[in-house]
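Here chain A shows up in two complexes: once beside chain B, once beside chain C.
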Partner chain A sequence: MSKIVEGLLYSGSHEWVMVEGETAVIGITDFAQKSMGNIVYVDMPDEDDEVTKDEEFGAVESVKAASDLYSPVSGTVAARNEALEDEPGLLNSDPYANWIIKVKMSDPSETASLMDAAGYGEFLDKQA
Partner chain B sequence: MKYYDKLIFELSEEGRIGFSLPDNPWADSSDRIPAGLRRSVPPELPQVSEPDVVRHYVNLSAMNFGVDTGFYPLGSCTMKYNPKIDEEMSEYPGFSGIHPLQPAETVQGTLRIYHELAGWLSSLTGMSAFTLNPFAGAHGELTGLMIMRAFHISRGDLKRTKVIVPDSAHGTNPASAAVCGLEVVQVRSTAEGLVDTDDLKSKLDDTVAGIMMTNPNTLGLFEKEIRQICDAVHEAGGLLYYDGANMNALLGKVRPGDMGFDIMHLNLHKTFSTPHGGGGPGSGPVGVTQRLKHLLPSPSVVKSPETGRFAIADNPEAAGRISGFMGNFGVLMKAYAYILMLGKQNVRKVGPYSVLAANYIKESLKDKYRLPIPSLCKHEFVFDGLIEANAGDPAREVTTLDVAKRLLDYGFHAPTIYFPLLFHQSIMIEPTETESKETLDAFIQAMRTIASEAVTEPDLLKNAPRNTPVRRPDETGAATRPKLVYRQDKP
Partner chain C sequence: MMEPEMETLKKTCLYDSHIALGAQMSPFGGYMMPIQYSDIVQEHNAVRMHCGMFDVSHMGEIFISGPDAGAFVNHIFTNDVAKLRPGQAQYGMMLYPEGGVVDDLLVYMMPQPETWLLVVNAANIAKDDGWIRSAASGWNVTVDNRSEEYGQIALQGPESEKIAVRALGMELSDLVFYTFKEVRFADGAVIASRSGYTGEDGFEFYSSPDIIRKIWDALLAAGVTPCGLGCRDTLRFEVGLPLYGHELGPDISPIEAGLGIFVKCDKPEFIGRDAVMALKASGPLRKLVGIELEDKAIPRSGYPVEADGRQIGEVTTGYSSISTGKSVCMAFVETPFAAAGTQLGIRIRKKVFPGKVCGKRFYDKKYRK
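For the complex of A and B:
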């Protein structure tokens, strides 16, 4: 069973979002890291880069495959998790504690289209 | 098995020399080279005796698993047995000892083989002409796409910058398109695992250069709607590229040219049984239909109708040059010998036997392994993990990786795992036509034993392999902190 954390928002492409005011903290879900297997590289945008909702903002590479990351919101990158550069495996050990980027949202209302924990749980059940 | 992981440098002893060279009459030939350009330190070569060298390489080879040691059902890779006579033919000094810049008059035999092989490949695939120059499958893809692009540009049609690729395609397809400067558009698969023709049609317009397809596709399924797909793409002004990775299933039975494809590549190292794996050498000849023939890359080999002599020609309209010379000739020679050896009669049996072997394994194991697409497969098929995998019990849950590792203990190479990405626990099995029923049965038995062990003793799988020289390597470490260079420790 994949872990889902209450209070976060989720996208259909398995990213999670924690909303802190106008900032969205973005990572990948436990389901995503489990499907990927051991993660060996995280490709992240630079600070001040623009990201667009549902468009690619980076990629995660594992021993099995490379997967694009899709931004759940639009805005400007406020921070990237530098720790992942040296230790991409942090996404495997705790995907919810280790965020990937923080985005200053240009349109916070976009989060309305994301799922809550219960909704994401049902979404995963349907996928199985 | 004896564990052996030494480097030959570790066997080196100062002054131990296992050979003697004749006197060198050119010993002072570098005297006039300026001092700054001469090496001051002698090369660090291993100093070993002949028995050291022989034992070193024989021990290393015993650590390896190959088609010469056992069954190798690696899906999508067509690891068929490589007849030794092919190897012998390519090693003849008349072929292996020539220089690529030698005048054509002195290498007529080699040119004849190039010319004849290109002709045979055209007959086997229904294409009009072949270049044998590309060095590998993906290099062939790039060559084919360059031809596709050159075709549109030569007609003044500059809008066509998109290439459609099914979501089940090999990763090289979108990669080759990107290298060729084309934009990739993905088309979905249906629940049956075939190209979704409605989704495809919605993506066809006058910006599409063409589509890349593998048939049978990565799931081992024949794209039955191929004629409609061809008509739709041609109607929209695009070209069809055939990825020959899975040609083994159709060899001698169905030809891409007859299906309607315009450009294609073959993997000689798969379908035509030349040794491969570990990075090469490969060969990815590219075939085209009559209307694209003038765009094939230079150099090519032409035969004079009057004299019957062969010459190397440059094609002024070529889409580009993709190799300095004439490809990996050693591989071409092996494929030539392989086709000659099979002959017209037996080449027709390759496809049917490879399909029979795959279906036999699939039907014999589908009560133990999840079969997401149950229809008749071609040369390969995909399981989506074990049916009974103890899901939900972290201490006992077994994955496809565990099954693959346990197979090594039973003396089989693991199938391709976690590809295609359409399923989470993919096990992709391709037996090829060269295996006997006894071998297939032994593999089936091992897979069934593993399925039982998964339920009764899952630790056997989770801790596998036990009987191999290396157990589970640190794959993450190998990808993130690889040691690529050997440095001798100076005392």
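For the complex of A and C:
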């Protein structure tokens, strides 16, 4: 079973979002890290880069494959988690404690289309 | 490309064991094959540090026999089998007359008179069989594709010789790399060959499906790590060994791929010789090189290689090397960019990552010569 954390929002492409005012903290879910296997590289955008909802903003790479990351919201990159450059495996060991980017949202109402923990749980059940 | 339907995919004689071991299975070369059992990094390191085993029963076994067998094999093969004695093997290629590669293969000179064993890639078995048969017209040889009758296990890693004695009762210390002998196991005949595709010492065992299952179970019981095709690829890549469909193919010359030492143009004749001689004279327009990136972004098959603001090549295989941690790849680049140290970039998604040309061996081979 994949772990799901209450209080976060979730996208269908397996990113989680923690809303802090106008900032969205974004990471990947336990389901995502498990299906990837050993993560060896995280490709993150630079600070001040624009990201667009449902469009690719980076990638997570295992030994065998690259998996694109899709932004759950639109806005500007406020921070990137530099710790992942040296230790990409943090996403495997605790995907919810290790965010990837923080986005200053241009339209916070976009988060309305994301799932809550219960909704994401049902979403995963349907995929199984 | 669409994968073939499940129904048409073949199973090797070890399929049930892979399922019982919980392997992640995926289509490869027309077979359902184990990609990994537990973890690709653990399996890779088991082979580098200790010992691992691979089900490679998907590989094809084609026998050539008859009065013309030796001369015919030398006619279709780029290496020179006239130099072999029974019990020795050679690596080389079969070429089209235009110089592209039909397949790369191992040729074994069998102890039985006038008998040669060709071990070919799974995806190419039918093509190779057809190619060899059409080339055999007018030669006094029999071509016998016995791929379905043979299973194959590769036991690879520095502890292979010790494990073969302990788990299989096989004394193989008399074999050096690229030699083989026939041994017995569980009352069956086994070809034991000191060879492999990992850059480590090791053996490849060919036998009937029944005996292959018994060898597999004996090795499992001895604690040998089962390894999937995932780490077979990372292992062969690190030591610069080519994979057909990536570094070799119908539109790639072995000269471009840097495999000229396996093409013996001092032989008076073989299929593709004229094309190889012509390309050697004119110089290849592209060459296979190694590239090491400064960043940790991973170059993968098909990604463009760029220099002077344009695409000058393409990645054939790339990884974050498990043994060294470096982001490296093999790539075909235009010849003017192929010199060691040349600065170039690889486009990975939206960005171009800087790197430089280096050797194709990212890790040293440890064969027992």
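Here is the rule we use: the second predicted complex is superposed on the first by the 128 of 128 C-alpha atoms of A that agree within 3 Å, B and C clash if a C-alpha of one lies under 4 Å from a C-alpha of the other, contacts with A are read in each partner's own complex, and residues count from 1 in each chain.
Here is the rule we use: contacts are C-beta pairs under 8 Å (C-beta built on N, C-alpha and C of every residue); 3 or more make two chains touch, one makes a residue touch a chain.
The shown structure was predicted, so the numbers you read here are calculated from the model rather than taken from an experiment.
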| item | value |
| --- | --- |
| Chain B versus chain C as contact partner of A:Lys64, first or second or both or neither | both |
| Which superposed partner A:Ala118 touches (first chain B, second chain C, both, neither) | neither |
| Contacts of A:Val40 with chain B and chain C, given as first, second, both or neither | both |
| First, second, both or neither for A:Ala97, with chain B first and chain C second | neither |
| Which of chain B and chain C A:Glu85 touches, first, second, both or neither | second |
| Contacts of A:Glu56 with chain B and chain C, given as first, second, both or neither | second |
| First (chain B), second (chain C), both or neither touched by A:Met1 | first |
| Residues of chain A contacting chain B in one complex and chain C in the other | 37-38, 40-41, 61, 63-64 |
| Chain B-touching residues of chain A, taken from the complex the two chains share | 1, 35, 37-41, 61, 63-65, 88-89 |
| Touching residues (chain side chain A, partner chain C) in the complex | 37-38, 40-41, 43, 56, 58-59, 61, 63-64, 66, 68, 85 |
| Touching residues (chain side chain C, partner chain A) in the complex | 35, 39-41, 230, 234, 296-298, 300, 319-320, 322, 327, 348-349 |
| Contacting residues of chain B [partner chain A, same complex] | 392, 401, 418-419, 421, 424, 475-476, 479-480 |
